[in-house]
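What follows is a pair of complexes built around subunit A, which joins subunit B in one and subunit C in the other.
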Partner chain A sequence: MTNVVSAGLGRSSGGLNSKAETELRASVIPGQPDIWVLVLLEAFTFSSYFVVYMIYRMRNPGLYLHSQAQLSLQLGVVNTIVLLTSSWSMARCVQSARAGDYGIALRDVSLTILLGLVFTVSKLFEWVTKTQAGLTFTSNEFFMFYYFLTGMHLLHVLMGFVFLGVVVYQLSSPARRSQEVIETGATYWHMIDFLWVIIFALLYVMR
Partner chain B sequence: MAISASARSVLTWFGLCAITLISWWLGTHHEQGSFAPNAAVTLSVIGIAAIKVRVIFREFMEVRNAPALLRHLTDAWLGLSVAALVAAYLITRPLAGT
Partner chain C sequence: MNTAATQTLAPMPASAPARGKRRDDPKLELWIAWWVTIAFYNIFTIAFFILSRTQPPPKAWWHLPRIVQWFDDNHFGILFGFAMMFLIVGFSIAANALIAQSMRRMSVSPMFAYSYLIIYSLAGVPGMLLTCIALTVGAMRPDRDPKLLSLLYDMGFLSFSGTMGIFLIGSLVWGIAIVLDNNRVLPKWFGYMNLSNALTEVVVAPCVIFKAGPLAWDGSIAYYINMVIFGIYTGAFIMLLRNMIMREDFGSGVLPVLEKPPRR
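Right after this comes the complex of A and B.
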């Protein structure tokens, strides 16, 4: 039922005003319901990592603070702005597809992929500079958590490219263009964004 | 005054970037130096992250229009995660002597 409502809404809402659309969209799950099961499972899994990190950190705060000084807060901020911007362009992609502007939607998802690649390259650059400086997975507890958390996150970014590829495939032909599948890809990508927001806070900024 | 979905997403993006810069400022400008233990900075940073995550859920992920169950589940995850992080920080902090 949800699928039918969601798909129908995607094709028909172009002529509605904002208030009517909001009312019509009320109680509609964005994307396929299954993706939300995955998002919540991933969210709880990462939360357990975050709490374990916090407990270990507080056992030896001096080591963690000293190690944090080896990270570039500026690069962390740039990473965050890049991912927030990629989330914004993906939200625009969903809106454009819903309005039937598939060319603009394709441009928006392409921008999201580009920003995802920028994030990936900057993370690899950060890892290379750290390992060249002798700061590896086994250097100390902080860097073990740093490589584990950023590595698990980057793995999800790479999987996100598969989701975005499916969105591009959907948008490329009038024969496909399922609004529900496009929203599913967007939901996964936004998950990558909010997980990074917490990783950035815990690894780069907290004191 | 109603705003378009497009304008709303731009405002959301701008707000998220602005509070990211506040986090940056918190990480670099406090009295005890940038890399000294600071509970106020830590709790503020966790609070700011929680606000950003909720905004991403509500606005970018369109949970504001989703069924109540999904709204409540996302809020429950966020509330539990923040509570667990803050509890882990506050409970273990005296042991660390900070």
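Right after this comes the complex of A and C.
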């Protein structure tokens, strides 16, 4: 089980030149290089969604401006601060793990999970209040994009909890604690934070 | 065992060697499955994209007269294209078997391979066959009531796009198996690509709600961007399965690295 989960996020486990390769990679790229394929692919996918959003927005700026005014900028800012803070705590976790302070690293990743949950609850709360106000997925084009983009993002956050769970599992026993796996999980979490910042800018701020 | 592994590492030559050698080749079945997969995807492309022109899909918001006209315009293409699909749909099993085989070769539980096989065996029915059946029935009698044609039109395209959930779960199963695997059967980046593909397939779900716009079954997000990701993913897994077959040593440990670059 230990080896299975350690290998789970790409840790080398035997084979030709694996140790040398891993050491070389560790000095050049944080985490397993493979995770960057996911990061780049998701960045590409979301970028294409953003481009589609911008094109549709250009066709009907009045509708989008009016609809954006229905969003709570304050809540958007709070969500952004929560996610940025979670990225900060995740970075602290990586730093602590590098220094060998695994107890502190475990505390930091737990804080990240907690902040992720705060974001999730906040997002659900926002959706519920919007829906109760009659602003649903099918209300108009802007809200279709709003629910779609924030929904896809939340799906990525939920997957992020799986990655963080693996990091917790790694940190919780001296038999594991692969720095590479921890950094791989952190890379994924930073990616969803990065995506949220752009979504926040597009949906809430850009008017 | 190492000698046997080394001997089986080199790719099979394109021209047939002595008959005795080819019959003894333990990888023959794997190569047959791989080439059948290639054949299937090519015939699929011809049937859907060229003959029947059901891909890219026509508009979801068309009204009755326009839908009737579409059936009329594509009458023979639909009939011939999908007649061909009805004949060769069984070829899709080769890809599923090869992918399940990849999971059996991994260090993870066979449960992954079995789950994948079950999911994808069922996936072809709503995801492809239902489309072929509905649209063929529509094209077969052009004088059918337009309302019935409209029903068949919706059934055909919604079933093709809207049933992506099956492929989503299948991608997750394969992706998690690859990420957990210790035998290095397939690279970890492809495991993550499966996760990415799975997440992308979620975007198709809203096509049951929207008849126009980017989330309709012909929308820029639900169809075109989705197909770009899926196309990259399919191309990647076909080449990786080829690589896997060349590396296959019929053991149970780490799959050896190819010593020579793959020959075209």
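Simple rule for what comes next: the second predicted complex is superposed on the first by the 180 of 207 C-alpha atoms of A that agree within 3 Å, B and C clash if a C-alpha of one lies under 4 Å from a C-alpha of the other, contacts with A are read in each partner's own complex, and residues count from 1 in each chain.
As a convention for this text, contacts are C-beta pairs under 8 Å (C-beta built on N, C-alpha and C of every residue); 3 or more make two chains touch, one makes a residue touch a chain.
Keep in mind that this is a model prediction, so the values were computed, not measured.
Colleague: Answer with first, second, both or neither: which of subunit B and subunit C does A:L124 touch in the superposed model?
Modeller: A:L124: touches no partner chain.
Colleague: State whether A:L158 touches subunit B only (first), subunit C only (second), both chains, or neither.
Modeller: So A:L158 meets neither subunit B nor subunit C here.
Colleague: Let me test your reading of the model: by the given contact rule, A:L114 touches which partner, first (subunit B), second (subunit C), both or neither?
Modeller: Once the two structures are laid over each other on A, A:L114 reaches no partner at all.
Colleague: Mind working out whether A:D193 is in touch with subunit B, subunit C, both or neither, as first, second, both or neither?
Modeller: first
Colleague: Applying the document's definition of touch, where does A:M54 land relative to subunit B and subunit C: first, second, both, or neither?
Modeller: first
Colleague: Considering only touches as defined above, state whether A:F137 meets subunit B (first), subunit C (second), both or neither.
Modeller: In the superposition, A:F137 contacts subunit C only.
Colleague: In the overlay, work out which of subunit B or subunit C sits against more residues of subunit A.
Modeller: B
Colleague: Just which bits of subunit A does subunit B share with subunit C as contact spots?
Modeller: On subunit A, the subunit B and subunit C contacts do not overlap at all.
Colleague: What does subunit C use to touch subunit A in their complex?
Modeller: Listed in rising order, the residues of subunit C that touch subunit A are 107-108, 179-182, 184, 187-189, 191-193, 195-196, 199-200, 202-203, 206, 209-210, 213-215, 220-221, 225, 228-229, 254, 257.
Colleague: Give the list of subunit A residues in touch with subunit C in this complex.
Modeller: 3-5, 7-10, 13-16, 32-35, 37-38, 41-42, 45, 48-49, 52, 56, 137-138, 141, 144, 148, 152, 155-156, 159
Colleague: Which subunit B residues qualify as touching subunit A in the complex?
Modeller: Within the complex, subunit B contacts subunit A at residues 2-6, 9-10, 12-13, 16-17, 20-21, 23-24, 26-28, 30, 34-38, 41-42, 45-46, 48-49, 52-53, 56-57, 59-63, 65-68, 70, 73-74, 77, 80-81, 84-85, 88-89, 92-93, 95-96, 98.
Colleague: Which of the residues in subunit A end up touching subunit B in this complex?
Modeller: 17-19, 22, 25-30, 36, 40, 43-44, 47, 50-51, 54-55, 58-61, 65-66, 68-69, 73-74, 77, 80-81, 84-85, 87-88, 90-92, 94-95, 183, 186-187, 190, 193-194, 197-198, 200-202, 204-207
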